[in-house]
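So that you can tell them apart, the chains are marked A, B, C and D in the order they are listed, and the count of residues begins at 1 in each.
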Amino acid sequence: MSSDLFTITDQPISVEEMTQKVIRPECGAVTTFMGTVRELTNGKRTISLEYHAYESMAVKMLEQIGQEIKEEWPDTLAVIAYRKGHLNISDIAVVICISSLHRKPAYEANQYAIERIKEIVPIWKKEQWADGTEWIGDQLETTAYPEGKPPKGGSL
Amino acid sequence: MSSDLFTITDQPISVEEMTQKVIRPECGAVTTFMGTVRELTNGKRTISLEYHAYESMAVKMLEQIGQEIKEEWPDTLAVIAYRKGHLNISDIAVVICISSLHRKPAYEANQYAIERIKEIVPIWKKEQWADGTEWIGDQLETTAYPEGKPPKGGSL
Amino acid sequence: MIKILFFARLQEEMGTESIEVEKAGYTVRDVKEWLADNHQLSTISQTMVAINEDYANDDDMVNESDTIAFIPPVSGG
Amino acid sequence: MIKILFFARLQEEMGTESIEVEKAGYTVRDVKEWLADNHQLSTISQTMVAINEDYANDDDMVNESDTIAFIPPVSGG
(Lines give C-alpha, C1' and ligand atoms only; values in the text may rest on other atoms or scores of the structure.)
Protein backbone atom coordinates (compact mmCIF):
# COMPACT_ATOMS: atom_id res chain seq x y z
CA MET A 1 0.00 0.00 0.00
CA SER A 2 1.44 3.36 -0.98
CA SER A 3 2.68 5.48 1.91
CA ASP A 4 1.22 8.38 -0.04
CA LEU A 5 -2.24 7.22 1.03
CA PHE A 6 -1.53 7.04 4.78
CA THR A 7 0.49 9.88 6.16
CA ILE A 8 1.45 11.77 9.30
CA THR A 9 2.30 15.39 8.58
CA ASP A 10 3.19 18.57 10.42
CA GLN A 11 1.59 20.67 7.67
CA PRO A 12 -2.07 21.70 7.21
CA ILE A 13 -4.02 18.99 5.40
CA SER A 14 -5.77 19.94 2.15
CA VAL A 15 -9.19 18.32 1.93
CA GLU A 16 -9.25 19.13 -1.78
CA GLU A 17 -6.03 17.20 -2.44
CA MET A 18 -7.15 14.27 -0.30
CA THR A 19 -10.41 14.09 -2.21
CA GLN A 20 -8.61 14.09 -5.56
CA LYS A 21 -6.57 11.07 -4.46
CA VAL A 22 -9.65 8.85 -4.12
CA ILE A 23 -11.97 10.02 -6.93
CA ARG A 24 -12.02 7.34 -9.65
CA PRO A 25 -14.17 6.92 -12.80
CA GLU A 26 -15.83 3.80 -11.39
CA CYS A 27 -16.92 5.59 -8.22
CA GLY A 28 -20.12 7.43 -7.46
CA ALA A 29 -19.54 8.32 -3.82
CA VAL A 30 -16.84 9.90 -1.69
CA THR A 31 -17.14 10.41 2.06
CA THR A 32 -14.79 12.54 4.10
CA PHE A 33 -14.34 12.82 7.84
CA MET A 34 -12.46 15.72 9.35
CA GLY A 35 -11.59 15.84 13.03
CA THR A 36 -11.19 19.45 14.11
CA VAL A 37 -9.88 20.92 17.35
CA ARG A 38 -12.87 21.66 19.58
CA GLU A 39 -12.81 24.68 21.84
CA LEU A 40 -14.88 23.23 24.68
CA THR A 41 -14.64 19.77 26.22
CA ASN A 42 -16.83 19.08 29.22
CA GLY A 43 -17.06 22.81 29.83
CA LYS A 44 -13.31 23.42 29.79
CA ARG A 45 -11.87 25.78 27.22
CA THR A 46 -8.95 24.61 25.12
CA ILE A 47 -6.46 27.23 23.91
CA SER A 48 -4.46 24.92 21.67
CA LEU A 49 -3.17 21.41 21.60
CA GLU A 50 -0.29 19.35 20.43
CA TYR A 51 -0.46 15.96 18.84
CA HIS A 52 2.46 13.64 19.46
CA ALA A 53 2.83 10.44 17.49
CA TYR A 54 4.94 7.33 17.52
CA GLU A 55 5.25 8.23 13.90
CA SER A 56 6.63 5.17 12.15
CA MET A 57 4.20 2.91 13.95
CA ALA A 58 1.30 5.35 13.44
CA VAL A 59 1.81 5.22 9.66
CA LYS A 60 1.99 1.44 9.85
CA MET A 61 -1.28 1.30 11.81
CA LEU A 62 -2.99 3.67 9.33
CA GLU A 63 -1.86 1.32 6.56
CA GLN A 64 -3.23 -1.61 8.53
CA ILE A 65 -6.60 0.16 8.83
CA GLY A 66 -6.50 0.71 5.07
CA GLN A 67 -5.89 -3.01 4.61
CA GLU A 68 -8.76 -3.93 6.93
CA ILE A 69 -11.07 -1.62 4.96
CA LYS A 70 -9.95 -3.13 1.66
CA GLU A 71 -10.84 -6.59 2.95
CA GLU A 72 -14.23 -5.62 4.36
CA TRP A 73 -15.28 -3.22 1.55
CA PRO A 74 -13.31 -4.35 -1.53
CA ASP A 75 -14.59 -1.64 -3.87
CA THR A 76 -13.36 1.22 -1.69
CA LEU A 77 -10.22 3.33 -1.85
CA ALA A 78 -9.11 5.00 1.39
CA VAL A 79 -6.69 7.78 2.25
CA ILE A 80 -5.94 9.05 5.74
CA ALA A 81 -3.79 11.97 6.84
CA TYR A 82 -3.04 12.87 10.43
CA ARG A 83 -1.53 16.14 11.52
CA LYS A 84 0.97 16.21 14.34
CA GLY A 85 2.42 19.13 16.27
CA HIS A 86 0.77 22.34 17.41
CA LEU A 87 -2.87 22.94 16.42
CA ASN A 88 -5.25 25.79 17.15
CA ILE A 89 -9.02 25.75 17.60
CA SER A 90 -10.80 24.59 14.41
CA ASP A 91 -7.60 23.29 12.84
CA ILE A 92 -8.02 19.96 11.10
CA ALA A 93 -6.28 17.11 12.95
CA VAL A 94 -7.31 14.19 10.78
CA VAL A 95 -8.87 13.67 7.35
CA ILE A 96 -10.27 10.35 6.14
CA CYS A 97 -11.48 10.08 2.52
CA ILE A 98 -13.19 6.99 1.14
CA SER A 99 -14.44 6.50 -2.39
CA SER A 100 -16.65 3.66 -3.54
CA LEU A 101 -19.08 2.69 -6.26
CA HIS A 102 -22.11 3.41 -4.09
CA ARG A 103 -22.61 5.48 -1.00
CA LYS A 104 -23.22 2.86 1.69
CA PRO A 105 -19.70 1.36 1.78
CA ALA A 106 -18.22 4.87 1.67
CA TYR A 107 -20.05 5.83 4.87
CA GLU A 108 -19.43 2.50 6.60
CA ALA A 109 -15.73 2.32 5.82
CA ASN A 110 -15.26 5.93 6.85
CA GLN A 111 -16.85 5.41 10.24
CA TYR A 112 -14.85 2.23 10.71
CA ALA A 113 -11.63 4.13 10.00
CA ILE A 114 -12.14 6.76 12.67
CA GLU A 115 -13.15 4.16 15.27
CA ARG A 116 -10.03 2.14 14.54
CA ILE A 117 -7.82 5.23 14.63
CA LYS A 118 -9.04 5.86 18.16
CA GLU A 119 -8.19 2.29 19.10
CA ILE A 120 -4.83 1.47 17.56
CA VAL A 121 -3.00 4.50 16.13
CA PRO A 122 -0.33 5.69 18.59
CA ILE A 123 -1.13 9.39 18.67
CA TRP A 124 -1.71 11.44 21.79
CA LYS A 125 -3.01 14.89 22.38
CA LYS A 126 -1.76 17.29 24.99
CA GLU A 127 -4.27 20.04 25.65
CA GLN A 128 -3.51 23.51 26.91
CA TRP A 129 -6.51 24.70 28.92
CA ALA A 130 -7.60 28.30 29.38
CA ASP A 131 -7.32 27.94 33.17
CA GLY A 132 -3.58 27.33 32.88
CA THR A 133 -3.70 23.58 33.37
CA GLU A 134 -3.00 20.93 30.81
CA TRP A 135 -4.11 17.44 30.13
CA ILE A 136 -2.76 14.34 28.48
CA GLY A 137 -4.91 11.33 28.20
CA ASP A 138 -6.97 8.90 26.31
CA GLN A 139 -9.81 9.76 23.96
CA LEU A 140 -12.43 8.92 26.58
CA GLU A 141 -11.19 11.95 28.45
CA THR A 142 -11.73 10.16 31.74
CA THR A 143 -8.34 10.81 33.26
CA ALA A 144 -7.35 14.38 33.98
CA TYR A 145 -4.14 15.59 35.56
CA PRO A 146 -4.92 19.10 36.75
CA GLU A 147 -1.38 19.65 37.98
CA GLY A 148 -0.08 19.10 34.50
CA LYS A 149 1.62 15.86 35.46
CA PRO A 150 0.20 12.44 36.03
CA PRO A 151 0.76 11.17 39.58
CA LYS A 152 4.00 9.32 40.14
CA GLY A 153 4.36 6.00 41.86
CA GLY A 154 1.40 3.96 42.90
CA SER A 155 0.79 0.26 42.49
CA LEU A 156 0.87 -1.86 39.37
CA MET B 1 -32.11 29.59 6.76
CA SER B 2 -29.55 31.33 4.59
CA SER B 3 -29.76 30.53 0.90
CA ASP B 4 -25.98 30.57 1.00
CA LEU B 5 -26.10 27.20 2.76
CA PHE B 6 -28.35 25.41 0.25
CA THR B 7 -27.57 26.10 -3.37
CA ILE B 8 -27.99 24.88 -6.93
CA THR B 9 -25.12 25.96 -9.16
CA ASP B 10 -23.87 25.47 -12.70
CA GLN B 11 -20.27 25.92 -11.54
CA PRO B 12 -17.85 23.34 -10.09
CA ILE B 13 -18.35 22.97 -6.34
CA SER B 14 -15.35 23.59 -4.07
CA VAL B 15 -15.20 21.07 -1.25
CA GLU B 16 -12.72 23.31 0.52
CA GLU B 17 -15.13 26.26 0.54
CA MET B 18 -18.05 24.09 1.60
CA THR B 19 -16.01 22.73 4.49
CA GLN B 20 -15.05 26.22 5.64
CA LYS B 21 -18.73 27.16 5.85
CA VAL B 22 -19.46 24.57 8.54
CA ILE B 23 -16.29 24.49 10.66
CA ARG B 24 -17.01 26.16 14.00
CA PRO B 25 -14.99 26.43 17.26
CA GLU B 26 -17.51 24.29 19.15
CA CYS B 27 -17.24 21.44 16.63
CA GLY B 28 -14.96 18.46 16.61
CA ALA B 29 -16.27 16.65 13.55
CA VAL B 30 -17.10 17.43 9.93
CA THR B 31 -18.43 14.85 7.49
CA THR B 32 -18.67 15.39 3.76
CA PHE B 33 -20.46 13.42 1.10
CA MET B 34 -19.65 13.92 -2.56
CA GLY B 35 -21.69 12.33 -5.30
CA THR B 36 -19.54 11.93 -8.41
CA VAL B 37 -20.48 10.93 -11.95
CA ARG B 38 -19.84 7.19 -12.29
CA GLU B 39 -18.61 5.79 -15.58
CA LEU B 40 -20.36 2.41 -15.38
CA THR B 41 -23.92 1.69 -14.29
CA ASN B 42 -25.09 -1.87 -14.60
CA GLY B 43 -22.40 -2.50 -17.19
CA LYS B 44 -23.31 0.47 -19.41
CA ARG B 45 -20.75 3.18 -20.01
CA THR B 46 -21.75 6.78 -19.43
CA ILE B 47 -20.06 9.45 -21.54
CA SER B 48 -21.53 12.43 -19.75
CA LEU B 49 -24.74 13.51 -18.12
CA GLU B 50 -26.87 16.52 -17.57
CA TYR B 51 -28.67 17.41 -14.40
CA HIS B 52 -31.89 19.33 -14.76
CA ALA B 53 -33.59 20.88 -11.77
CA TYR B 54 -36.84 22.54 -10.88
CA GLU B 55 -34.46 25.03 -9.40
CA SER B 56 -36.54 27.24 -7.11
CA MET B 57 -38.26 24.22 -5.60
CA ALA B 58 -35.00 22.24 -5.39
CA VAL B 59 -33.45 25.00 -3.27
CA LYS B 60 -36.57 25.07 -1.11
CA MET B 61 -36.38 21.29 -0.60
CA LEU B 62 -32.67 21.47 0.28
CA GLU B 63 -33.58 24.10 2.87
CA GLN B 64 -36.31 21.83 4.16
CA ILE B 65 -33.80 18.98 4.54
CA GLY B 66 -31.57 21.42 6.43
CA GLN B 67 -34.48 22.22 8.72
CA GLU B 68 -35.24 18.53 9.30
CA ILE B 69 -31.59 17.92 10.19
CA LYS B 70 -31.58 20.85 12.60
CA GLU B 71 -34.58 19.40 14.40
CA GLU B 72 -33.22 15.86 14.61
CA TRP B 73 -29.56 16.76 15.34
CA PRO B 74 -29.68 20.22 16.96
CA ASP B 75 -25.92 20.64 17.33
CA THR B 76 -25.23 20.24 13.62
CA LEU B 77 -24.69 22.77 10.86
CA ALA B 78 -25.40 21.61 7.31
CA VAL B 79 -24.57 22.95 3.85
CA ILE B 80 -25.58 21.34 0.58
CA ALA B 81 -24.64 22.33 -2.98
CA TYR B 82 -26.00 20.65 -6.09
CA ARG B 83 -24.52 21.14 -9.53
CA LYS B 84 -26.82 21.34 -12.54
CA GLY B 85 -26.02 21.25 -16.25
CA HIS B 86 -23.45 19.20 -18.11
CA LEU B 87 -21.11 16.97 -16.08
CA ASN B 88 -18.32 14.62 -17.14
CA ILE B 89 -17.15 11.39 -15.52
CA SER B 90 -15.81 11.98 -11.98
CA ASP B 91 -17.27 15.49 -11.79
CA ILE B 92 -18.87 16.27 -8.45
CA ALA B 93 -22.67 16.52 -8.66
CA VAL B 94 -23.50 17.09 -5.02
CA VAL B 95 -21.64 18.00 -1.84
CA ILE B 96 -23.11 17.69 1.65
CA CYS B 97 -21.08 19.00 4.63
CA ILE B 98 -22.17 18.55 8.22
CA SER B 99 -20.35 19.77 11.29
CA SER B 100 -21.16 18.79 14.85
CA LEU B 101 -19.66 18.57 18.31
CA HIS B 102 -19.01 14.85 18.04
CA ARG B 103 -18.70 12.52 15.09
CA LYS B 104 -21.85 10.40 15.40
CA PRO B 105 -24.42 13.10 14.54
CA ALA B 106 -22.17 14.31 11.70
CA TYR B 107 -22.30 10.88 10.06
CA GLU B 108 -25.99 10.31 10.76
CA ALA B 109 -27.17 13.70 9.52
CA ASN B 110 -25.03 13.39 6.41
CA GLN B 111 -26.50 10.04 5.44
CA TYR B 112 -29.96 11.35 6.16
CA ALA B 113 -29.36 14.30 3.83
CA ILE B 114 -28.41 12.20 0.81
CA GLU B 115 -31.34 9.82 1.36
CA ARG B 116 -33.74 12.75 1.52
CA ILE B 117 -32.22 14.39 -1.55
CA LYS B 118 -32.99 11.22 -3.48
CA GLU B 119 -36.57 11.35 -2.25
CA ILE B 120 -37.73 14.94 -2.46
CA VAL B 121 -35.36 17.22 -4.37
CA PRO B 122 -36.64 17.78 -7.92
CA ILE B 123 -33.47 17.06 -9.89
CA TRP B 124 -33.18 14.64 -12.79
CA LYS B 125 -30.26 13.21 -14.64
CA LYS B 126 -30.15 12.55 -18.34
CA GLU B 127 -27.39 10.15 -19.22
CA GLN B 128 -25.58 9.92 -22.53
CA TRP B 129 -24.49 6.31 -23.02
CA ALA B 130 -21.47 5.14 -25.00
CA ASP B 131 -23.74 3.02 -27.22
CA GLY B 132 -25.50 6.13 -28.48
CA THR B 133 -28.62 5.76 -26.40
CA GLU B 134 -29.70 7.93 -23.55
CA TRP B 135 -31.63 7.51 -20.40
CA ILE B 136 -33.78 9.61 -18.13
CA GLY B 137 -35.17 8.09 -15.03
CA ASP B 138 -35.38 7.73 -11.33
CA GLN B 139 -32.49 6.96 -9.03
CA LEU B 140 -33.42 3.30 -8.80
CA GLU B 141 -32.43 3.07 -12.46
CA THR B 142 -35.25 0.66 -13.11
CA THR B 143 -36.74 2.38 -16.12
CA ALA B 144 -34.67 2.62 -19.29
CA TYR B 145 -35.71 4.15 -22.59
CA PRO B 146 -33.26 2.72 -25.11
CA GLU B 147 -34.77 4.71 -27.98
CA GLY B 148 -33.95 7.93 -26.20
CA LYS B 149 -37.59 8.72 -25.57
CA PRO B 150 -40.03 7.32 -23.08
CA PRO B 151 -42.98 5.55 -24.69
CA LYS B 152 -45.94 7.78 -25.50
CA GLY B 153 -49.54 7.07 -24.67
CA GLY B 154 -50.43 4.03 -22.62
CA SER B 155 -52.82 3.69 -19.76
CA LEU B 156 -53.03 5.70 -16.56
CA MET C 1 -55.36 30.74 -15.12
CA ILE C 2 -53.04 28.22 -13.58
CA LYS C 3 -49.54 27.34 -14.73
CA ILE C 4 -48.57 23.68 -15.20
CA LEU C 5 -44.88 22.72 -15.20
CA PHE C 6 -43.47 19.52 -16.69
CA PHE C 7 -40.10 17.96 -15.97
CA ALA C 8 -37.85 15.16 -17.21
CA ARG C 9 -39.73 12.51 -19.18
CA LEU C 10 -43.01 14.40 -18.91
CA GLN C 11 -41.38 17.45 -20.43
CA GLU C 12 -40.16 15.33 -23.33
CA GLU C 13 -43.60 13.80 -23.77
CA MET C 14 -45.30 17.19 -23.71
CA GLY C 15 -42.65 18.87 -25.83
CA THR C 16 -42.87 21.92 -23.59
CA GLU C 17 -41.80 23.07 -20.15
CA SER C 18 -45.10 24.62 -19.17
CA ILE C 19 -48.62 25.47 -20.22
CA GLU C 20 -51.16 27.94 -18.84
CA VAL C 21 -54.78 26.84 -18.66
CA GLU C 22 -58.07 28.00 -17.15
CA LYS C 23 -58.29 25.29 -14.51
CA ALA C 24 -58.43 27.26 -11.26
CA GLY C 25 -60.67 25.44 -8.81
CA TYR C 26 -59.62 21.99 -10.03
CA THR C 27 -58.16 19.51 -7.59
CA VAL C 28 -54.81 17.91 -8.33
CA ARG C 29 -56.74 14.79 -9.29
CA ASP C 30 -58.88 16.76 -11.74
CA VAL C 31 -55.79 18.25 -13.39
CA LYS C 32 -54.19 14.79 -13.69
CA GLU C 33 -57.32 13.42 -15.36
CA TRP C 34 -57.55 16.38 -17.71
CA LEU C 35 -53.89 15.92 -18.69
CA ALA C 36 -54.33 12.19 -19.18
CA ASP C 37 -57.39 12.75 -21.37
CA ASN C 38 -55.98 15.60 -23.43
CA HIS C 39 -52.27 14.85 -23.64
CA GLN C 40 -51.94 11.07 -23.27
CA LEU C 41 -49.24 11.38 -20.62
CA SER C 42 -48.37 7.78 -19.84
CA THR C 43 -46.76 8.23 -16.45
CA ILE C 44 -48.80 11.04 -14.94
CA SER C 45 -50.19 8.79 -12.22
CA GLN C 46 -46.67 7.91 -11.02
CA THR C 47 -45.56 11.48 -10.57
CA MET C 48 -45.50 13.58 -7.47
CA VAL C 49 -47.19 16.95 -7.61
CA ALA C 50 -46.20 20.29 -6.14
CA ILE C 51 -48.37 23.38 -5.85
CA ASN C 52 -46.31 26.56 -5.55
CA GLU C 53 -43.20 24.48 -4.80
CA ASP C 54 -44.70 22.42 -1.99
CA TYR C 55 -45.66 18.79 -2.43
CA ALA C 56 -49.44 18.36 -2.67
CA ASN C 57 -52.00 15.57 -2.52
CA ASP C 58 -54.62 14.53 -5.06
CA ASP C 59 -57.34 16.25 -3.06
CA ASP C 60 -55.58 19.62 -2.86
CA MET C 61 -57.13 22.50 -4.78
CA VAL C 62 -55.31 24.51 -7.43
CA ASN C 63 -56.25 28.15 -7.06
CA GLU C 64 -56.10 31.08 -9.46
CA SER C 65 -52.48 32.00 -10.33
CA ASP C 66 -51.09 28.85 -8.70
CA THR C 67 -48.26 26.91 -10.29
CA ILE C 68 -48.70 23.17 -10.31
CA ALA C 69 -45.66 21.05 -11.16
CA PHE C 70 -45.57 17.39 -12.17
CA ILE C 71 -42.49 15.77 -10.76
CA PRO C 72 -41.42 12.36 -12.08
CA PRO C 73 -39.31 10.20 -9.75
CA VAL C 74 -36.25 12.30 -9.01
CA SER C 75 -32.71 11.09 -9.71
CA GLY C 76 -30.50 13.40 -7.70
CA GLY C 77 -27.44 12.33 -5.72
CA MET D 1 20.56 -4.60 24.01
CA ILE D 2 16.93 -3.71 23.56
CA LYS D 3 15.45 -0.26 23.10
CA ILE D 4 12.47 0.82 25.20
CA LEU D 5 10.29 3.71 23.97
CA PHE D 6 7.99 5.79 26.19
CA PHE D 7 5.11 7.99 25.07
CA ALA D 8 2.69 10.55 26.47
CA ARG D 9 2.31 10.34 30.24
CA LEU D 10 4.91 7.57 30.49
CA GLN D 11 7.43 9.76 28.72
CA GLU D 12 6.73 12.55 31.21
CA GLU D 13 7.09 10.14 34.13
CA MET D 14 10.34 8.72 32.79
CA GLY D 15 11.67 12.11 31.76
CA THR D 16 13.04 10.53 28.59
CA GLU D 17 11.82 9.19 25.27
CA SER D 18 13.84 6.00 25.32
CA ILE D 19 16.36 3.89 27.14
CA GLU D 20 18.59 1.02 26.03
CA VAL D 21 19.03 -1.92 28.38
CA GLU D 22 20.46 -5.45 28.38
CA LYS D 23 17.12 -7.24 28.56
CA ALA D 24 17.12 -9.39 25.41
CA GLY D 25 15.32 -12.65 26.16
CA TYR D 26 12.87 -11.01 28.56
CA THR D 27 9.15 -11.37 27.92
CA VAL D 28 6.97 -8.27 27.72
CA ARG D 29 5.74 -9.15 31.20
CA ASP D 30 9.32 -9.31 32.50
CA VAL D 31 10.11 -5.89 31.04
CA LYS D 32 6.97 -4.42 32.62
CA GLU D 33 7.92 -5.80 36.02
CA TRP D 34 11.45 -4.56 35.72
CA LEU D 35 10.19 -1.07 34.78
CA ALA D 36 7.70 -1.07 37.64
CA ASP D 37 10.39 -2.10 40.11
CA ASN D 38 13.08 0.23 38.88
CA HIS D 39 11.18 3.29 37.65
CA GLN D 40 7.92 3.33 39.64
CA LEU D 41 5.79 3.79 36.51
CA SER D 42 2.27 4.01 37.87
CA THR D 43 0.34 3.15 34.74
CA ILE D 44 2.57 0.61 33.06
CA SER D 45 0.00 -2.15 33.50
CA GLN D 46 -2.65 -0.15 31.59
CA THR D 47 -0.52 0.40 28.52
CA MET D 48 -0.43 -1.51 25.30
CA VAL D 49 2.94 -2.76 24.12
CA ALA D 50 4.43 -2.94 20.65
CA ILE D 51 7.53 -4.83 19.60
CA ASN D 52 9.08 -3.45 16.41
CA GLU D 53 5.88 -1.48 15.72
CA ASP D 54 3.45 -4.38 16.05
CA TYR D 55 1.22 -4.81 19.06
CA ALA D 56 2.45 -7.61 21.33
CA ASN D 57 1.18 -9.68 24.25
CA ASP D 58 2.62 -10.12 27.73
CA ASP D 59 4.03 -13.52 26.79
CA ASP D 60 5.89 -12.30 23.71
CA MET D 61 9.67 -12.34 23.85
CA VAL D 62 11.86 -9.29 23.28
CA ASN D 63 14.89 -10.29 21.26
CA GLU D 64 18.33 -8.71 20.79
CA SER D 65 18.06 -5.33 18.94
CA ASP D 66 14.25 -5.23 19.24
CA THR D 67 12.44 -2.01 20.03
CA ILE D 68 9.70 -2.31 22.62
CA ALA D 69 7.28 0.60 22.94
CA PHE D 70 4.91 1.36 25.82
CA ILE D 71 1.76 2.90 24.45
CA PRO D 72 -0.68 4.58 26.85
CA PRO D 73 -4.32 4.81 25.72
CA VAL D 74 -4.23 6.72 22.46
CA SER D 75 -6.19 9.93 21.90
CA GLY D 76 -6.23 10.42 18.16
CA GLY D 77 -9.16 11.62 16.13
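The definition used in the following text is that contacts are C-beta pairs under 8 Å (C-beta built on N, C-alpha and C of every residue); 3 or more make two chains touch, one makes a residue touch a chain.
The model shown is predicted, which means the values in this text are computed figures rather than measured ones.
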Labels of chains that are neighbours to chain B and to chain C: none
Where chain A and chain C overlap in contact partners, by chain label: B
Whole-Å gap between the CA centroids of chain B and chain D: 50
Centre-to-centre distance between chain D and chain C (centres being mean Cα positions), rounded to whole Å: 72
CA centroid of chain A to CA centroid of chain B, Å: 27
Separation of chain A from chain D, taking each centre as the mean of its C-alpha atoms, in whole Å: 24
Per-residue multi-chain contacts in chain A, two or more chains: 35, 103, 114
Overlap residues in chain D, where contacts from two or more other chains coincide: 77
Touching chain combinations (by label order): A-B, A-D, B-C
Residue numbers on chain A that touch chain B, as the complex places them: 14-16, 19, 23-40, 89-90, 99, 101, 103, 106-107, 110-111, 114
Chain C to chain B touching residues, read off their complex: 5, 7-9, 12-13, 36, 40, 42-45, 50, 53-55, 69, 71-77
Touching residues (chain side chain A, partner chain D) in the complex: 35, 51-52, 54, 56-57, 60, 82, 93-94, 114, 117-126, 136-141, 145, 149-156
